[in-house]
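Paired with chain B in one complex and with chain C in the other, chain A is shared by the two complexes that follow.
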Partner chain A sequence: MKDKTIRNLFCKEFTNYLKTPLGYVFLVIFLFGIGYLTFEPGRGSFFYMREASLVSFFRYMPWMFLFLIPAVSMRLWSDERKSGTIELLLTMPVTIRQAVIAKFLASWVFIGVALSGTFPMVLTVVYLGNPDLGVVFLGYLASFFMAGALLAVGGFFSALTKNQVISFILTVCVSFLLIMAGSPPVLDFISTFSPKYLVAIFESLSVLNHFDSMERGVFSLSNLWFFTIMIICWLYGSIILLNGNKAS
Partner chain B sequence: MLEVNSISKKFGDFQAVNNVSFKVDQGEVLGFLGPNGAGKSTTMKMITGFLDVTEGDATICGKSILNETLEAQRNLGYVPENAPLYEDMFVLEFLEFVGKMRSLDKEANKIRVIEVINMCALKDVEFQKIETLSKGYKRRVSLAQALIHDPKVLILDEPTDGLDPNQKHDVRVLIRELAKEKCILISTHILEEVEEVCDRCIIIGEGEKLFEGTPNELKSKSSKGRIQDVFRAITTDQKLQGVNL
Partner chain C sequence: MGIKLVKGGMMDKHKENYIKVILGLFSMTLMIYIGSTVLKKARVDFTEESLYTLSQGTKSILSKLDSPIKLKLYYSKTAANKGTEGLRAFNNHYLYVQELLRQYVENSRNNLSLDIIDPRPDTPEEEDATAFGLRKFNLTETERYFFGLVAENESGTEKIIEFFDPNQKDKLEYELTKLVYTVLNPQKKNIGVISSLEVMTENLNPYMTQIMRMQGKSVNESWMVTKMLGEFYNVKKIEKDTKVISGVDSLVIIHPKDFSEETLFAIDQYLLKGGKLLVFTDPLAVSDRSTGMHGRISTSPDSGFKKLMDKWGIISKPNTFAGDKYLSGVGQFNPNMPAGRLLALLNCNENCTNEYKDNITSGINNSTFVYPGVLKTKSVESVKHTPIMSTTRKGNSYTAQGYELNNPQALWNKFSEGSEPVVIAYRAVGKYKTAFPDGIKETEDLKKEKKKENKNEKIEIIKESIKESIKESAVIVFSDVDFINDQFAFKKSFLGAAVANDNSTLFLNSVEALTGDVDLMSVRSKGRINRSFDVINNIEFEAEKRTADKVKEINSSIARFQGELNQLGRKANEGNIGLIQNEGIRKKKELAKKIAILKKDLRSVKREGRERIEGIGKFFQYLNTLLVPILVIGFGVYYNRKRNHLMQGRRIAKKHDKNIKSQSNQIKEMNI
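Coming up: the complex of A and B.
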């Protein structure tokens, strides 16, 4: 990071995750939860599939993220606004853009740390068989980018309200819609009141479809672009919101 | 060094600040008085660049807060109302963070942090978490973060609010000390404070400037020398006995 201001703010925000209970609660619940779901005794379980792959592991990633990512993102701005520290932050020589990027990157890297904590899963499948490591890598990449997109959504709603609970609920709802955008119930509902091309656009916004195709080992730049553009748009939205706060 | 030129702020239809202008020079402490809701904090937030101005401009050391926001903010130290702080940081860590954000290099930052810790008498609590500190200490930490980059202009929003008499005294002494080489804008509704620390004062009410002058001028308007009578007469438009506006 060339920008010193972003780097300093990033360091402060990131170490904050390691100093507060939030960070550890997240890590424990995420690692325990994803581990349990992977091996849970259902039909899609790791043992039932009888193959050395991480399919059952990545399958649950969107659903873990649906509840855990908003918990990380909800305090990004709400907390600063509620306690008034945003006054401190924005009267330092920092632009809103720098602050938004630094906070987003800090939370994203934190999720990256959480993801890297699942490395025993990889060791397990490598020990058990001969998995396609390219697919495993793509799965992680997809998870990481999906986390980034959902974090950007959460950051936006955190900038919208001073109340962390509202920001959490809104993020969960919108994330759920985005994840499920390609599923028949949601599409059926949308098609009752909107024309076909809108339904098609909505379907193409589905996080799950983009995640699934990457997680299955199909590498296409368009999937990465999808997540990148989503991150940029939602971050830009946060910048606009925070700039709007300055005016009113 | 600090110049405010007919600054105005509108929230929707509500005119919070209307056409307020003033100037503060080096070595001067300007008291900013007014009843609650008069627009003191809003004016200060506009000068610091936290809020956008609806009309007008403020310059800090010649830099416009509108067009050269970051340059202007570099010469500025600000203690917001109620002294908000990052509660889960340690005092030393927090001050170092602010120093870094103020682009002090590593060595200079270390030296400055020690200096401001001594200046604001924070030596006893430097390894404590901010959330565990008393109100008085929090105020001083907030003052310390505003001083770390040795700014030329200091803006203090009710810095002694909620402190005990001894702490108030200490803060006032510190402000007088700092005033020698800085220009300070301090908002308060404690009128004794004005006499004690301010060279000049401004009274605003309902967003408009109602008075500008020295505390002595303010006092001389009352035949009994009671500054609070004058304040009431100016801000409420009442005719009070012995007050001649």
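Coming up: the complex of A and C.
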């Protein structure tokens, strides 16, 4: 981070997660939840499948993120706006762009920390068998990118409203739509009233398709493009909204 | 008015922002769509086995497509999701098949199209799937499960893969490419068979064969493998003295020896014209009984055929066989000898094929070779050699002659462990040069022409040859003939001959690989890396072994008791019958007690194994669900305590500073 302001803001925001109980609650729920679901009692569970891969672990990642990422992102701006600290922040020599980037990066790194907390899963498969570590690495990378995209969406809705609950609900809804965009039932439904090219456009917005493709072990430039554009555009949206608020 | 203006301006600003946001999201959607479409092909396959990357052979076949082919993937996704967890596991394989098919479509220059169909009960889709002949599984009374593929071309030719077996994952690309290839070339292939042995005889019906046998006549029947070949191809017998080979897509040559010069020339020219050869040579062929009477063993290739092989760059070492202690099978050379481990009997498993990942040997892990020869290669311009099968690294080549061939101990005396695999099957692909650069002299009867003159003259003419291959072609050479002989590939069962091992499949796979395109042949098997839980497998294996020991112990106790009981029975007479009966009952009780104890042990062994596995499962479950959350909580408590402590310290220090300040102020005031 070359920009000193962004770096300072990033450090402040990141340490905030460690100072407040929210950060710990998130970490504990995420780590316990993903571990439990991976080993869920049932024949689809990690131990029943007896395959030295993290398929059953990554399978639940989008659904864990669906609820936990909005919980992290809802307070990014709503909290500041509600408590009025946003005015204080904006009186400082910090641009909206810098603030948005710093806050986003801090929360993204925080999710990265949460993901790295699942390291016992990797040790488990390495101990039990002979996993394809390239695929495991790509699975983690895909999870990190997906978290970034959903965080950017959450940041946008947090900037849109003062109310954290509304921000949470809106983020969950849009994230769900983005996750399910490529699934056959949704596409079937859309194809009933839309032309084929619109269905294809809608399908290309699917977070799950890009995540699945990476999680299986294929890294395509289109995946990188998708997640980068998602993050940049939603962050850009946040900047516009916050600039509008600043002006008002 | 002024205020109104400001408000209006702010409203405009808001509207402008929202428009900006909407436009931003719209352009994001477009950018993602265009980017995803354009950049889709730029990809890196991170899987160890390159599972999602098409081989060059497949790409080459796809590039030859010039008319549309419709692929219909039938997968009962809804039924699978409703079904058992085991069935849901098929979803992973479905995703793999789907991804690979998408690769096919992407590489087909728009000639392939893919439809994914979820056939629901009582729908036209389900009727179609059944009509196409896809395999179906009844899950419930109404739900049926399909997982197959149909390929259709414009002229209505249909080919199917009736079921995608997840266990055949490594062969999937080959199967799919073969499907596309057979839709492109739908006609049944012609296979020629030429041999110095009676591998194909006149087709006698079973009734006639029976009668001839009853009359004591010897009946030469076709080898089973050639009969099997007839089920899939049009098989044509080529005579040993044939002068021209034509009209066959591939030629199978079994035990090549004593072929006429013209026949050798015909084989040479057939190959140079693009024909494909599957050759079985054998320096020590025990299946050929024709020379057995004279105490000699039949060998091939003879010097004539060696001349051809020389041009392919494949050399068969005479009187030499490949042996491997770790693959040696149990058998007997003649019925008078006890069965024992034989160096000359090679039981090939996956260790013989894994390294080469060839489609011919995919799934072949139990094939038996008898005195397999040793193949070497020499470099030939524009010909590429690839091994197909070999011994393990500890295999070696041994020479054997005369009496040694019937003496297992004599062979074992020669044993020494090798350091390199000894290859027993090679494939050579490329453009070849003729073994007859000057053509051959052919005598021609001029009877017809000279008939009028009542002369019967013969003249010699030089038959010109093609000097070099017109197009790329392939030769597969195996250094054993015996393995496709009925004696080693089949066993007699109650219902007739049954397949004894993978030998006949290996033969059919080789023919199939040859009849396809050279590109199809180059589609490699993806190989399979074992990703099961080794630790758990070992525990299970150990438990099973201990269980088997216990069962053995129980059975031997029962057998011993039975023996004792029989002995008692023999001792019984009128005088002691009562006593013996009592003794029998007592022994029976003892045995029942002993068996009960052993059964208890058996149960505890089984339980121990199960509990150990469950224990490992539980350990990892706790490790993955509780360890890090507990650490996080611990860290949080520690960090925040330390922080509070620090803050408290700061507050006290501040308070202290304040006190000192106020005190000094008071002193100042007092001084004043």
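We take it that the second predicted complex is superposed on the first by the 245 of 248 C-alpha atoms of A that agree within 3 Å, B and C clash if a C-alpha of one lies under 4 Å from a C-alpha of the other, contacts with A are read in each partner's own complex, and residues count from 1 in each chain.
Keep in mind that, in the parts below, a contact is a pair of C-beta atoms (placed from the backbone, for glycine too) under 8 Å apart; a residue touches a chain by one contact, two chains touch by 3 or more.
Bear in mind the structure is a predicted one, so any value in this text is a computation, not a measurement.
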Which superposed partner A:Lys19 touches (first chain B, second chain C, both, neither): both
First (chain B), second (chain C), both or neither touched by A:Thr5: first
First (chain B), second (chain C), both or neither touched by A:Leu90: first
Comparison of chain B and chain C by chain A residues contacted: C
Chain B and chain C footprints on chain A, overlapping residues: 19, 247-248
Contact footprint of chain A on chain C as seen in their complex: 10, 13-14, 17, 20-21, 24-25, 27-33, 35-49, 51-52, 77, 84-86, 88-89, 92, 95-96, 99, 118, 529-536, 617, 620-621, 623-629, 632-633, 636, 639-640, 643
Complex contacts: residues of chain A adjacent to chain C: 18-19, 21, 23-24, 27-28, 31-32, 35-36, 38-39, 42-44, 47-53, 55, 117-121, 124, 127-132, 134-135, 137-138, 184, 200-201, 204-205, 212-213, 216-222, 225-226, 229-230, 233-234, 236-237, 240-241, 243-244, 247-248
Chain B residues within the chain A interface of the complex: 11-12, 45, 48-52, 70-71, 73-74, 76, 78, 80-82, 84-89, 97-98, 100-103, 145
Chain A to chain B touching residues, read off their complex: 4-5, 8-9, 12, 16, 19-20, 83-85, 87-88, 90-95, 246-248
